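I am attaching a structure below and will ask some questions about it afterwards.
Chain lettering (A, B and C) follows the sequence in which the chains are written, and residue indices restart at 1 in each chain.
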């Protein structure tokens, strides 16, 4: 498994993450693990209280804990008390990742196909069987892994990481520092056609827009983001998109959103900043979702959502209302019984 | 941005689309845009009444409007009144697309792998790193973009456009004029196995059928259409399939259907003609959906659907019933209160 | 169409599958078909009683039937009575498949890119435009079809079939006899980041784990299985995964599960053995699903599921309860009417 560049004592770890060390300060750890899988040489963290009991029995080298859990009984050799245990843990993960990472040399594979009129910045790496078409540009330090397709006039920024078998179609624009995971398709045609009212036949409307993904976004595996019918489909800076998400033509996602796996956002919908769309959520077209809204898993959004609203259910309702309705729904048998009882009584009392 | 072959006056535009011009007839437009993004040199259209107010303030060159919206206040330099504004707009889009489109020369890339026993029609274009296996055939004028895989004995029709990284597995048949978007997989094995009742172990049943997609269909990005277990999975002429849709083995879709993103249709289900399946709908296996039915978004179909029925909800119910039930569902708190009230009263009245 | 190695009489067929032959024992069949498409030279089977009437009219050569359906009127030339008709049918399908299958010669394409430090076992086949990175290993008899990507240090077992355009990222481990369908992505980064509470900005946490898929699993087209954040995402032996399924980081699926298309399983969830997740089901993170549980289609799982439970609905409830609630839900209009009626009566009786 991947390890730290060198073993760290619990005292070292506390120093690195800015926390308070307790227990066997000289004990060393060499790696990280999940609580359930850890050995005495692993650092672990506890945040989800679901796993508190596990911390009491699971062997571990060093346990990151928040101050309020300081006295949690734990089987680890030592504890490091820190405000954000997950962030502290991530610091070690990053050290391990930097240490273990394959350095990809910035070469252009001879087994790729780079058009003479494509523009590649300094230190760009192009893998085997990559196609970069006429007029495309790839910025400094970007890694284009094998079998990627970059279409005519597409622009990819600096310091991007484009994983194998990504398709970026013509004219699309990818900002700096964007990561695109395998199989994602950026800029396929939007779903647009005219339907003849008499014959029911569909005629395609060419989709002449593009996709613009701003800096610092991450796009999951096998995601599809359609190009605008005219104009752009836009994903603003810092937004994180999980696997198998669909984003329709001319949709706009704000900054720093979180879009969880298998969510679908239909065409021309505008999503604000810092919106969370949980797994398998669906949003109809031409809607507006306000900043900071949270759309819970499997929720169906059929009308505009005010800022900071939490929506639940299909059709989606504000979550307090929805939870109350679900609780009452569970009590329907009781309600039917009561009404039956009332009818009986009233039949009796009315019949008197 | 992409532009018209030459600037057009509003009078020209009205002539081209067969409409009535109003306003500054000599004003010229050079492109198209969405209402929200338009400049004075863009043609735009208004159809969704949600955007009527926007038309009053958004600058634009030429606004296409239906006769009943003729008097809508608008900030555009001129209007063109026409029965189908979106179709008129699409006419200009098509002109722009024809003008801007990269002409792909019908060459066979030397960096492709075309089997000696594959049959390519005249003017077929084969991109880099394409694989075309033994016995496969590709019809006249079809464009096979880079990194596509066409399996043994697969047949692709004439005038098709196969985008990068599509997989068409062995024996599958694609009709004329079909467009397949990146990452789509046609003809993967259906999900078929025998499960031992005692051990719970599964044994694969080979899937020896194929997929038949008829003329004029469009298949979205990262769609999966499984081959028949035996016989064919069929998509009939003119059906439009959006991204990330799943179609199970031996399903049959009728003509001119619309299947929106992330919908799943399980095995052996027969869908009629002109059926609409909205986003994230799911249809169980071995069902029949009648012609012209509409399955709304996120709906779950668990039994046969008569023609022209509109279904809503999971489990799906006819939409009038479903909407009524949803309205009553929202009023459950009120109902519980009323019953409580009745019980009180009756307790009182019965106790007299 | 694909045919049996040689024509078989109904007597032959009965002998092969160990059943009892009835009807024209000398009649021969050459292939298999679905009941609806069969000709007199096809073997067919009847198991789903929905199709019993069809068996009475559809021409066929040989009909496999369970003993309790022995006397079903049928238009086939003969019947073979057998305990498991679908398994008997599958036996013929397997004969046809073995006969028709293209033998792929175990050669390494000169148009592939195999790193000098990759280890390929005997009889491994590597297709065109495949990339196999440094330190990767592929076991004996495995077929790697064109355009596949196998990352640094990834291990693929023996007798595997890796279809075109699969991505197996670095460090992932695939067991013996695994089949992976086109477009599947194994080992993309999990969806993990830290969110700054003040700014709302997300910082990626490197995902340094891997994916382990054990022997005998089948992974559908365009599936995504994310690598562990630390440690492994695990799919245990014999589990069958359909198309477009998402499995989050550090999830663990037990043995011999069935995961139907478009299902999503969020991170760190542990699924037991022999669990069925039907189409479009969604499971939240950090949950436990017990052995033998069945999660029905479109169900949303938000809390732990005991073994052998059948769950239905979103949010998911035990199916008996859920079905009862759905039935009562349909009767809400009636309930509202009754309460109105009661109020009237009581108003009257109370008013006396």
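In the analysis below, a residue touches a chain if its C-beta (ideal position, glycine included) is under 8 Å from a C-beta of that chain, and two chains touch if they have at least 3 such contacts.
Not measured: the values here are computed from a predicted model.
Asks: Could you tell me which chains are in contact with subunit A and with subunit B alike?
Replies: C
Asks: Given that subunit A and subunit C are copies of one sequence and touch, is their interface built from the same residue numbers on both sides (over half shared) or different ones?
Replies: Different: when the shared numbers are divided by all numbers used, the fraction is under half.
Asks: Between subunit A and subunit C, tell me the centre distance in angstrom, where each centre is the average of that chain's C-alpha atoms.
Replies: Chain centres of subunit A and subunit C, defined by C-alpha means, are spaced 25 Å apart.
Asks: Provide the list of subunit C residues touching at least two other chains, using ranges where the numbers run on.
Replies: 129, 147, 165, 183, 222, 244, 262, 280, 298, 314, 329, 335, 339, 342, 346, 349
Asks: Which of the residues in subunit B come into contact with subunit A in the complex?
Replies: It is residues 2, 32-34, 37, 48, 50, 84, 86-87, 90, 93-94, 96-97, 100, 102, 109, 111, 127-129, 145-147, 163-165, 179, 181-183, 218, 220-222, 238, 240, 242-244, 256, 258, 260-262, 273-274, 279-280, 297-298, 313-314, 326, 329-330, 332-333, 335-336, 339, 342-343, 346, 349-350 of subunit B that touch subunit A.
Asks: Okay, in this complex, where on subunit C does subunit A touch?
Replies: So the residues of subunit C touching subunit A come out as 113, 129, 131, 134, 147, 149, 152, 165, 167, 169-170, 183, 185, 188-189, 191, 193-195, 200-206, 208, 222, 224, 226, 228-231, 244, 246, 248, 250, 262, 264, 266, 268, 280, 282, 284, 286, 298, 300, 302, 314-315, 317, 321, 324-325, 328-329, 331, 335, 338-339, 342, 345-346, 348-349.
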